[in-house]
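These are the structures, in structure tokens.
Note that chain A is present in both complexes that follow, paired respectively with chain B and with chain C.
Presenting the complex of A and B:
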């Protein structure tokens, strides 16, 4: 054991849910440490805040669809959280982003209506709260989709062709970005776009290819240092609205989302430890009293009266189905909910079907407390009952549950402090 | 409707049919090769990739063993580029009858299988993951083969000598005039177009489907006894040498390293339908348990994909009709003029991949007899296209090629190192819009991420070539995802489940392919 650290709350996991919970707790005055194996969900997802995209039909007004979902699916995380908390969490996030590390870079939208944003295959995907740099993707006017070889994770012609099929007048052009290796990814290109000179050269070239299009769609690579400035600069130089289209991971807007949340957490006084995988939990009756995390220098013991479990589901490896078909929470060993019974299908035949196993998660009560463990609160993709990618609900659940977990901790602590000794 | 005239119509584009086409073309015959799906999409493409040394049959089926010994030598020579010379071990584990090892050594001696006993310590030095409790080890010249490369090399070789190769051409009818078969009517599965082939001799090389095909010619009693077996590809090469259990052939007793993975096989379940691809959870469990016996920790390794293949065993009157593995693994050639009074029609079935060349030789010998022509076989000496230098494939080959052009060549599939130019060439050469065809050709999407990253890229490249519509591209992507899911679903556990969820995230979350229009 390398040492021992004491906090009011230890949050396990550094996705949107973990950082939201951590930040809200730190803002509420708690001493918080976020411990994580590594960065994860934010860097993989498009960087939008999806609340409810499909239910299962495409959702136009998330506020209304959310009410319907809550009425129809009592086991869904949203039913534990309530629509009002989702609204509140979104409001908080919008303000956090606006006051964040990227000057001027804001998120737009809310629960009134979903934006329809082109994906890299040209599907119009619904999303509630979106980076300003994507907003012009929502529209019906003429668009030029620009491919930037050698980026291999964005194919403009396919994107434009599918947009055209969907009724959006779209065409594509290819414009090589110099100075990249042959299999460049989005991160490499983002660094190029951060450079004002190269950006200017790119825009000069692109202007020659543009016809009368009203908008220009680019892969989501418009800078990591100053995305607002890069985006405005492009709009100015090209003389029309410009928007980003998310690519395969690594996701540049996702990395910005991570930076927004991380800097908010730090500003609020939280401590972040990356590269530390929680490998054991110490328990006493119905409480987890400490967790142990393995890092380069050895194991560290984190002691706290509260634990927030934000380690994710199957995709992060936090929940595992082993080769003997046993499902478990690998982080704290907590009981699960929603695991199909033996003999029942775990996954169905159609790939795009509704897979029962995908809804499994750590069992909780109405206040997100893990079953049989009163001081562990479960948030984000660790929760059972949702299929975030099919529903387009991942970030909404992450934000609202992180928000809620902080409320539960802070109000319990207040109640304890006010209680007569 | 197009009419083709040829000397030989070969029906069935597996290793046997392609081998017959190659052999016949080398002998100067006109050939048409028809396959209902893609080449090697049947049994040939659905096995573990093992080129037998003969050891497996040394005790049980000496004739099959001798054939393997001879053909193993020939293949190393003529198909060098499709083979990797891994060598093989037969190991006695604590679960195997210790007496068998001596019988094995005797059998090898009697049948000519090159076999050298080595100490378990030596074997463990070479293969440190092997079960340390093995008591005896024999080294044999097993190898692995990239079967798609092999079958396409055969087809390409035949084509350069004038053969017409027609994948996705299903037989609609076998044409007969009186007591003679005169050819067949084919339908292009992609366009619906029909082609009539008039042939002097028609060869039924449909393997497990040979009975169905013979019935089209009015011969109802060609009874194939399909034996279904499952195989699981594991991430990484847990072993670099083929490892066999030293016992009478049974289930789950072979692990074959192939390219970047290793494959464990297999089971043996009688089925009436050669298109039956059922995978039972109990079979997966059995394979994993069997894997543990050879390589402890096997269950903690990641399973990439499972598939089934159907052995085309010909029912022998002496077989009891239930245990298909007990039927001889040697092949059967039926000359229907003698057997059924139907002339100019031959059926070749049974056998195994290792002996496909011999099967082809026997078949084309019979073709020549039927044509009363004297044309000697030359396939034992003629190298296949790509194997002219007679150099075996080695594992680092692709990486070596890639490293040489790292700065200027884009990788589409990182796992299998498929470059953009190789993908574009492949799509053009095959003139296909089916990404699964490309997978078989280039191993695109067959590595650990199972297409998670490369499939979007490949679809984009496919769409960019030759004016494909977006619906066609969307269909290609969705078909591939569904096809891939079929092989992943039964082995979704551990890290592969984690990978599958990440892939879902990309496809259903970021790209939203569930709402593509097709």
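Presenting the complex of A and C:
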């Protein structure tokens, strides 16, 4: 054991849910420390805020579908949170992004209607709140999808062919980017697009290949320093709307999303400890009194009256299903909910099917408090009852639950302060 | 745990790699040069082809700067940087070690040679023809930032004085940078500690072996770090005294890297020293948390830039220097978000890597330039020298600002 540090709230996990909770808490005046073993899922996801994409049919109006889901699935995280909270969280995020580190880079949309954006394989995917750089992907006019050889996992021809099948007139162009290494990923290309000269050369070349298309779709590589400027510059040079199509990881728009939230958290005065895995929790009755996290040379003890668990679900390794079919919360050892009983089906036949096991998560009450642990609030993919990758709901749940957890902590503290001694 | 056992632990972590590429997004080197294909490729992927004593088939690992950011950001706890360090050690054993790497990795030898003849040595190190010659003969880049010998050693100063007696004793590990190049930083550390009621003891000590380790000279590095551990351990056996250092990469070497990378997990002296070593800002931050840090700070009406070096980030404690700066009235701090200055200890000195190191550091240098800061604060001396070399801005250890604010 090394030393110890005290905070008002310790947040475990640095994904969208953890950073949202941390930022809201710090904005509310709490001393917050976010501890995480590594960077979260932001860098792997498309950077859009998907609230509800499928229910199970494709959702056109998330606001309405949300009401239906809440009525039909009382155990779903959205049912604990309520549609209004989702709306508030989106509102907050839109403002946070607009005031964030990337000048002019805004998020568009809300719960009124889902945008339909092409994926890298040309399937139209519904999303509620999207970066402005993707907005022109939503439409039925003629598209030219542009690929580049070094980005081996982005096949412009496949994307265009599938879009064509879906009724969007599309064709593809494959274009070299000058000075690009042979095996660049999206991040390498984004650095290239940050460079005005190479961007101009690319546009000049691309202009020769464009015909009468109304829009140009590019893999999501339009810069990491100044995405708004890069995107505007491309639209200007190509003389038509340009949009980004999310790629395989690393996700450039996802990295921007992380940076928006991280910088908001830092601006609000929060402390971030990265690389430090939480390995143990100290408990006293129905409370977690401290968490211990790995540091160089020993463990650090983080003591706080409130803990927010934002460590993610199975994908992050925070919830585990071992070879003896035992599921557990590896971080704080809290009870789970939604784990199929012995003898009940855990998984179903189709790989992308509705697996009962996928809905397992840390058991909570209506205020996101962990079962049997009144000072731990559970957010994001740690929550039970949802299947984000089927529903297209991951970021919506993360944002709204992070938002809600902060509200619970701050209002409890306010009530305690106002209560007569 | 045996050496093999530990290396299996490091190596075994590669099976946790899900190829998510998060390390690639953070790697400062692969983002600027195609010579290093990235931590995922060179680490968990290429490691599968490095079999026992068979010759290595992959050379690009030598372009890893060893900054360790990949391990820090990995969400699956893969010991990427450590895998790469082992691979580089193996490569060096196979291919032989250049003379240069045997020289520039021995700060103690260089310091002892340079100190008595400091004016001449400093002049020679800044003479163009001499540097060109050094580049030709030794492959040390002619433009690389080399520090000036102070001409006097910190330990001489420390030996001549006695720290005021106190209940709270602390052992100061000053490292080679303070000893030979910046003895005044050490004097400030001592002053700040004494101001906070510590009796500061400065044992006879030596290099931590990090430069040797990061150049792949593991056997030599083991000897050097164990010698240091033997020197420090007797002072902390009481179970109460702790060691504090201002060279953040050297304290990290003692805390974690020597144990993990050099496979010395079993050495009792090193284990003890590892557990009891603190970075100076880490210590002061904890003191403040306990309400034990004196906060009689005077205003410092300045704007500074703060860069947390990669090795400081490897302590996995966040950025305590920023918490301390908040206590100083009127001090405006700009937190730099660019990751790395490029130097990585001795990496940026090497002729074939100097340009890469400068490219790695460019986003940081630009941020510093745009920050309006008069001074850059940074916890690692080699990073400070690189930042000053590239930006012409003076750079100081965070302790410098605390020392000033205390009015010492």
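Note that in this section the second predicted complex is superposed on the first by the 418 of 421 C-alpha atoms of A that agree within 3 Å, B and C clash if a C-alpha of one lies under 4 Å from a C-alpha of the other, contacts with A are read in each partner's own complex, and residues count from 1 in each chain.
Basically, a contact is a pair of C-beta atoms (placed from the backbone, for glycine too) under 8 Å apart; a residue touches a chain by one contact, two chains touch by 3 or more.
Predicted, not measured: the structure shown is a model, and the values here were computed from it.
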Overlay done on chain A, so just call it for chain B and chain C: clash or fit. fit
Give one of first, second, both or neither to describe whether A:249 is in contact with chain B, with chain C, with both, or with none. both
Based on the superposed arrangement, let me know which partner A:152 touches: chain B (first), chain C (second), both, or neither? first
Greater residue coverage of chain A in the superposed arrangement, chain B or chain C: B
On the A-aligned overlay, A:197 touches which partner chain: chain B = first, chain C = second, or both, or neither? neither
For A:6, decide between first (touching chain B), second (touching chain C), both and neither. second
In the superposed arrangement, does A:39 touch chain B (first), chain C (second), both or neither? second
Regarding the shared-chain residue A:394, is it in contact with chain B (first), chain C (second), both, or neither? first
Chain B versus chain C as contact partner of A:125, first or second or both or neither: first
Classify the contacts of A:188 with the two partner chains as first (chain B alone), second (chain C alone), both, or neither. second
Does the superposition put A:284 against chain B (first), chain C (second), both, or neither? neither
Quick check: superposed on A, how many Å separate the nearest Cα atoms of chain B and chain C? 5
Enumerate the residues of chain A that count as touching chain B in its complex and touching chain C in the other. 44, 181, 183, 249, 316-317
Note which residues of chain B are touching chain A in the complex, please. 281, 285, 288, 299-300, 303, 406-412, 420, 453, 456-457, 459-461, 463-464, 469-471, 473-474, 477-478, 481-482, 484-486, 489, 492-495, 497-498, 501-502, 504-506, 508-517
Sites on chain A touched by chain B in the complex: 44-46, 58, 119-125, 150, 152-155, 157-158, 161-162, 164-166, 181-183, 246-249, 251, 313-317, 320-325, 346-347, 349-352, 358, 388-390, 392, 394
Across the complex, what residues on chain A touch chain C? 2-6, 33, 37-40, 43-44, 181, 183, 185, 187-188, 191, 249-250, 255, 263, 266, 271-277, 293-298, 300, 316-317
Going by the contact rule set out above, which residues of chain C touch chain A in the complex? 20-22, 24-26, 31, 34, 37, 71-77, 252, 254-256, 274-278, 282, 285-286, 289, 313-319, 323, 335, 337
